[in-house]
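Next come two complexes built around subunit A: one with subunit B, the other with subunit C.
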Partner chain A sequence: MMDLTVEFKGVSKQYPHFSLDNIDLELPTGSIMGFIGANGAGKSTTIRILMGLVLQDKGTVQVLGHSMPGEQAAAKLDIGFVSEDMRLYGAATLEWHMKFVSSIFPKWDQLYADKLVQRFDLKPQQKIKGLSHGQRVKAALLLALARKPRLLVLDEPTTGLDPVARREVLGELMAVLADEDRTILFSSHNTQDVEQISDQITFIDRGTIIDSDDKEGFLDQWRRLRLVMPQHAEVPRLPGVIDVGGTGRLPVLTTNRFDPGMLTVCQDLGATIQAVDSMTLEEIFVTSVQHRRETLAV
Partner chain B sequence: MYLQIMEQIKLRVSVGDWAAGQEIPSIRQLAVALRVSVITVKRAYLELEREGVIITQHGKGSMVAPDAGLGPRLHEEELSGHLEQAARLGGVLGLSREELALRLEEASGRLVEDGLPKEME
Partner chain C sequence: MNYSMVKRLILKDWYLHRIPIAASLLGGIGALGIVCLGGQLAFTAGLVLLLTALIAVGSHLAISTMVNERKDQTLAFVMSLPVSHAEYTLSKLAGTLLIFLFPYTVLVLGSLALFAIPHGIPHGLLPFTTIMAVEVLLNTCLMMSVAMATESQGWTVASIIVGNICINIVGFVVAHLPGIASGLSGASVSWSSTASVSLLVEFAIIALMLGMTFFFQSRKRDFL
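Showing the complex of A and B:
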């Protein structure tokens, strides 16, 4: 059986203007999951439920073998959580924060913390209120990483970072995964970051998970077929094609279930295959969301 | 992305940076070094294994296949790929086989004039 660090089963949560609907989510141990959604899609609510900060109306949540939110105290010893709205004390220094966190968490690794201070180019004596946004994110991440948690939960860790800081942060996340027992869940609307370092990818939109797969699976199954049709011929209708764009004799078919047999079918109908393009994760995400919203609207 | 990793590894093997029979980094090590996901490197290794470029032994890690003729074979594969593409583009442009062959002839002619691939002769 696959070892799961996080498992959501049928989790729902109702708010007056937003609801999270029947979320199933599995995060295998040792992997990194990118959790992608537009603003307001339900990423943070899902993460809050995972952390035991919000109680679900329905469904079960298991994190590191603990059921949430009931056993959250035990689970949290081994979860490092960083989110945008998590504030450090402005009047205290980074060094004070490191001492504070290390006094609570027995697995705190001071050597590693010192290394991170160097790598992230931070100054322990500096007060938090004097730090830039990027430095604050890196400081919060340092405090989470040096506890050596088995699960890292990061809500938008790279949002608002400059390219250098982003690279430092992504590099450090990958370094964590050199250890096979550690797992990362991070939410983002930056598909580029997710595409680079994730093993698993989950798309969420309007409170529902619309797709969840390993990354290579995603990239393999989505293709754009650019065809040249003979005059007066109809565009072939294929199963698995979710969007037909382009103009007149030059249709562009988008599929989320590509298989090479499709090309033969198109050719049999007289079409010339001009190109079969793979898609970036961003294109895949936007197309999925649009397709789903259109399907729901019909 | 895994295609880029495959290209890079093949290049390292063909120029001899990674010698035949040499142990290569584990999937996780390479993923961390390249800052790409584990699954991408895994995919690249699987494909390279299928092509016979590397050998993976369970629990022992991966190494470059101990096949001395690897360099030339990789060039051979690359050549077939380019030729297929040239044939396809020729088709798109409506060139006959003779015209296509002539174009290839011309291209080699130009290279020899530039004095580039002497060792290929």
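Showing the complex of A and C:
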């Protein structure tokens, strides 16, 4: 049986203008899940429920074997959490924050914290209010990482960072991935960041999880077929094709269940295969969202 | 309940607000010094300054420890620590009260000590002073409860205004209570049952306000 660090079962949460519907989510121990959704898709609400900060209306949430939100204090001893809207105390220094957090977490690693201070080019004696946005994110990340959490939850940590700071943050996350026992949930609307570090991908849109798979699965199964059709021939109807674009004789078929056999079927119908294009995670995400919204609209 | 964690959160707030606490303490001691100068004008001016120092530190603490935690987005940081909703609520209510009690106790004891110095304050004012001192504490607890329950600067400012009006009304009413009014200008302390009942009512309101705030806040469904 798979060892799960996070397990959502049928979780729903209703707000006046937004609802999270029947979320089932499993995060196996040691995996790095990229949680992708547009702004307002429900990523932060899902993460707040995971952290025990918001009580779900329906369903159960288990994190590190603890039922949330009831056992959140015990669970959070092993969670490092950084969110885009998290701020540290402006009037206090980074050094004070490090002392404060280290007094709470028994697994705090001061040597690692010092290493991160150097790597992120931070000054411990500097007050937080004097730091740039990038430095603040790095400081928050340092405080989360040096506590040596078993689960790292990052809610849009790279939003608003300049390219250099973003690369440094992602670089440190890549280094953290070397620890196979650590599980990471990384939410973002930036698919490039997610693609870089994740091995599992989950798409969320308008409060519903629309797809979840390992990254290779997504990249292997999604393809764009560029065809040239004979005069008056119809575009072949193939299973797994979720979008047909292009123009009359030059259709572009997008599939999320690519199988080389599809090419043979197209050729048998007289089509010429002009190209079979791989898709980026961003293209896959956008197509998934559009397909779902079109399906719901029908 | 993890009291060790609650203690750490209280110490955090103490550290972060040490400068306004020290400033209010210094201001209050200065006000007591003015009272010591003697005379009606010094007494009135000192009393007004003392009340101002206490109300200022109380309202500052209510806003900065409770309202600003959400406004400044530091709540997510605190709630990422191994702390439950109930522990967070307890740390805020107990912590803000304890932090306030430090300058408050020093200044109230200082005020009461003035009665022991021969400079003209009638000892008969002691029961009234004690009741009004507890009224200031009640006023602070009102601001804390509103700040905790609403996390809104607007509502907290409204409670500060209401509280200050109440201090004046309570002062007027207490000064005219038959059991207290008669001894106000007396040379010796005359502690009546009216004074005891007034204090009991004030402490009961404080306990009820804080108890209800803790009860409802620690059961809040959504924290962020």
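Things worth noting here:
Here is the rule we use: the second predicted complex is superposed on the first by the 298 of 298 C-alpha atoms of A that agree within 3 Å, B and C clash if a C-alpha of one lies under 4 Å from a C-alpha of the other, contacts with A are read in each partner's own complex, and residues count from 1 in each chain.
Quick note on the criterion: a contact is a pair of C-beta atoms (placed from the backbone, for glycine too) under 8 Å apart; a residue touches a chain by one contact, two chains touch by 3 or more.
As the structure is a prediction and not an experimental result, all values here were calculated from the model.
In the superposition on chain A, A:Glu216 makes contact with subunit B only, while subunit C stays out of contact range. By the touch criterion stated above, A:Ile197 is placed in contact with subunit B alone, subunit C being left untouched. In the superposed pair of complexes, A:Met174 makes contact with subunit B only, with no contact to subunit C. In the superposed model, A:Ser83 makes contact with subunit C only, not with subunit B. When the shared chain is aligned, no partner comes close enough to touch A:Val164: not subunit B, not subunit C. Judged by the number of subunit A residues each one touches, C leads among subunit B and subunit C.
Shared-chain residue A:Ser31: touches subunit B; no touch with subunit C.
Looking at the shared chain after the overlay, A:Leu53 reaches subunit C, while subunit B stays out of its contact range.
On subunit A, the surface touched by subunit B in one complex and the surface touched by subunit C in the other have no residue in common.
Those residues of subunit B lying in contact with subunit A across their complex are 1-2, 28-29, 31-32, 35-40, 43.
By the touch rule above, subunit A contacts subunit B in their complex via residues 30-32, 167, 170-171, 174-175, 177-178, 180, 195-200, 214-216, 219. By the touch criterion given at the top, residues 2, 5, 8, 12, 15-16, 72-74, 76-77, 79-85, 87, 221-224 of subunit C touch subunit A in their complex. The residues of subunit A lying in touch with subunit C in their complex are 48, 51, 53-55, 69, 72-77, 79-83, 85-92, 96, 100-101, 103-105, 140, 144.
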